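Shared between the two complexes below is subunit A, which has subunit B as its partner in the first and subunit C in the second.
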Partner chain A sequence: MRQDSPLWHAKHVVRAFLLLIIAVIALVLLRSLLVPDSWGQFGWYRGDNIAEQRAKEQRHGGNISCLECHDQEYETIAGAGHANVKCEGCHAPVALHAVDGEWVKEMPVRREAELCLNCHQWLDARPRAFPQVRPREHVEEQGGEFGPAVCFDCHDPHAPL
Partner chain B sequence: MQDKKNGCDGCGDGLGLTRRTFLKHLTTVSAVVASGAVIGLILPEGAAGAVDSTYDWTRHRWVYLIDTRACIGCGSCARACRAENDVPEGNYRTWIERYRMNAEGEAHVDSPQGGEFGFERIKAGGDVRKAFFVPKLCNHCAATPCTQVCPVGASYTTRDGVVLVDKEHCIGCGYCVQACPYGSRFINEETHTADKCTWCYHRLTNGRKTACVDICPVGARIIGDRENPDDPINEIIATQRIHVLQPELLTKPQCYYSGLDMEVR
Partner chain C sequence: MFTELTGYLFPNDVHISWSLMIVMYPYITGLVAGAFIVSSLYHVFNRDELKPVGRLALATSLCFLPAAMLPLLNHLGHPENALNIIVTPNFTSAMAGFGFLFSAYFILVVLEVWFVFRADIVRLATESRGLKQRFYSLLALGVYDVSEAALAIDRRFIRVLAALGIPMACLLHGYVGFLFGALKANPWWSTPLMPVIFLFSAVVSGIAMLIVLYQIGCRFKGIEVDREAISSMARWLWLFMIMSLTLEILEIMTLSYERAEEWEVIGHLLTHQLSISFISVQMVIGGLIPFILLMLVVTMGGVMHDKIRNTLTLSASLLLLLQVLSMRWNVVIGGQMFSKSMRGFRETYVPGLYEKEGVLAAVAIFVFPFLLLTFFEKVLPTLKKSDR
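Up next is the complex of A and B:
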């Protein structure tokens, strides 16, 4: 380029323009790398997260999930005072015990008064109509002696009373 | 005076980089990152779980209802929630508070270990005249302050009305934890991200109810669909006296309470 050409004097402008183009390309490139693919699919968040949230493992299966192997207990509970109490409430989520019919781990069986008292200990905040006991008085009234598993002497947790 | 390289004192000190070599390295790094992204696009996505593909989130809007008069404070819901959602010890996505008021109207409120293992018979001080349990969880507010403050868009409301946290995107800044007036959020110490009740989105959108609703032995917790006219929750909301927590904050909570006392915040 000749020194008397007007572009020769505009060299600093050309440089600045080139730098701007490089900056814009870098921005577009970085954005495409850093912004997740599904961003903005449904809103200002990562759309793929919806599917991820939905695909999480379901661990509680409800009483129906116990029926296949424990049909007797299932029937007993359904026809007695604990019909609304869920198997998994006293034991554990079914997924910790069996998955797709395959045995995983022993199901916990808590034969402890503490378990019963979670619901039936007399408390002033509980609804009056709900069956509650003052455990020591209750056991002594029946002529027994209070112990950590005393409830099961008289009550079957699957069919209480 | 030491001799100045490139006419700039301290330039590239430490790493021994000049501007030229820095730019060269930058080009290399960008090329590597770009090729990584291309490979990422080619590889197939991870297999999804057993998800109900017929679920259309535009045809549902979930709401929750708690009957404080029915709750017995057994803590089954909090235990089920922990087991279902891997909630770390010491954090709660749902918890139960016990309110006891004496004749003077003074309230004694406690929630030992979130009520997860039930409540003990301890003195409240004074003669208890009024007492009840209040289960709490995220209110999934329709005008929620928590998603507004998220600086990275990691927290959002789904079209079916559930407020969620994307733990892959969350930076754990804790703004949302402070923004929630109900104390429903926490920082999960294992993932270092914000964590909260999801209304068991993985169950709700696949034909089940939340773990807490399913496990409650007295039916104190109900979840239902406002878009489904046959859902019994709509009849309850239409005919019974219901309330929300702190309505004065205008967050439009989607957890309704029946039998709520004005002492409850």
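Up next is the complex of A and C:
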């Protein structure tokens, strides 16, 4: 290339755009490595994901999984207002507590009022027959003081009033 | 802890899920777009009075760009999955669209910065020794040609890139507005005005940030603040803030005058839940006061002492930065404060200091681009003594 050619002075531009092209090619190559083989097999996701999810160990067992050791609580819940509430909903997945009938560790017991209020806080949109309260007012009416675990002072979650 | 809920709320509709991080995301993106538009005013529209801030504007845009995605990444439970919107893009996804715009804009800004600073890079490469010399030589891509012919080519490319950058910067930030404006389930967001309002407020925040950075930078470097540059930026800021505020007020006026069913909840929201952040901060402290301050600078600037003009402009800019932040807050958080029933209000949202998405995290993310800019200034100085 001759020195008086305009391209002679555009050497830096050529290099910059060459670098850009190399970067784009590198990104395209990197993308081909990053896209999983089973991508798009069934839809806009990794096909292998279905088998992976299926292979995961089951952590929840439903109320029936508690029956063997906690028959008393099972009967109490089944005959009271929380009959449709799952044990694991307020405690934790059974697999954290017992696996194949073997004790693993203590089952967590949650006593926060916030847990109860998820369902029982007064909301105009809820059916009137559903038990719900305006928490502070309700506790004050009973002569108590609102606190983080106040519901348990009067209510038994296994057989709520 | 627990908060009382008021009105007719749907039971699955009581939480505010988009946190302070989602407020920071449009705020930082807006600063990127706004700063770039100032640099284009100089490079494309030949506003020579903006020459002293042209390079700073571009560097600011570049340094704020990487920070724009940080709030979103911090908000995600699995930020590593964010890469998937680029690796396996779904073209019907609004967020994937932002990923492409953001990437294209990033390349454009890097290229423009390189062309603008190339002469300096070459000078520093020839003046320095050792590792420093290698670093600058690498930045110069090994070409040391700074002849008039080579610089003329640079200028041509800068012009083209800056011209292309204007619609891209507008799209980038308009798109953030579109992300909210296209959510038809929420009447506080769903308006075609939303992208336009976001765009104008972005330009306001960008110019305001540049005024602040320029004045602080000049003080640190012992450089005299250029009178024409500040006066011009004050004029542009005044113009854009008037347009931005007008659009914001017009939106409320339309909603109010139409008295459609959503006004019941939005009117209450603005005058009660958001009374401080909307009426006091967005409209009065961040709107009316800087409007008056800038009006003084624009109309009486000719007879004003430099120090008074600089102080008034700086104060107005700081207030406008607060105004745009409160506008983002009012849109993002305010839009989540009422239930889809339009008849009740959700829990109030107060970000914690040490939460993952709390105040400290937001401050850290916001400080990051300033650290980048300080580093940039050390590698490639943006502020020079004015030749006027």
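Here, the second predicted complex is superposed on the first by the 100 of 161 C-alpha atoms of A that agree within 3 Å, B and C clash if a C-alpha of one lies under 4 Å from a C-alpha of the other, contacts with A are read in each partner's own complex, and residues count from 1 in each chain.
We take it that contacts are C-beta pairs under 8 Å (C-beta built on N, C-alpha and C of every residue); 3 or more make two chains touch, one makes a residue touch a chain.
Treat the numbers as computed from the prediction; the structure is a model and nothing was measured.
Comparing subunit C and subunit B on the residues of subunit A they touch gives the larger count to B. By the touch criterion defined above, A:Arg15 reaches subunit C but does not reach subunit B.
Contacts of A:Leu161 after superposition: neither subunit B nor subunit C is touched. In the superposition on chain A, A:Val35 makes contact with subunit C only, not with subunit B.
Look at A:Trp44: by the touch rule set out above, it reaches both subunit B and subunit C. In the superposed pair of complexes, A:Ala125 makes contact with subunit B and with subunit C alike. Legend: residue contacts after superposition of the two complexes on their common chain; A:Leu96 is shown touching subunit B, with no touch to subunit C. Contact with subunit B, but none with subunit C, is seen for A:Lys56 once the two complexes are overlaid on the shared chain. Touch criterion met: A:Leu117 reaches subunit B and subunit C at once.
Common to the subunit B and subunit C interfaces on subunit A are residues 39, 44, 117, 121-126.
Interface of subunit A with subunit C (complex): residues 6, 9-13, 15-16, 19-20, 31, 34-35, 39, 44, 113-114, 117, 121-126, 134-136, 148. Taken in their complex, subunit A has these residues touching subunit B: 26, 29, 32-33, 36, 39, 42-46, 49-60, 62, 82, 84-86, 88-89, 92-93, 96, 117-119, 121-127, 130.
The residues of subunit B lying in touch with subunit A in their complex are 30, 33-34, 37, 48-49, 51, 55, 57, 69-76, 79-80, 83-84, 98-100, 117-121, 124, 128, 131-133, 153-156, 158-159, 164, 166, 168-169, 198, 201-203, 205-206, 208, 211, 214-215, 217-219.
Those residues of subunit C that touch subunit A in the shared complex are 1-2, 4-5, 7-11, 14, 83, 87-88, 90, 107, 111, 114, 118, 140-143, 145, 147, 149-150, 153, 157, 341, 343-344.
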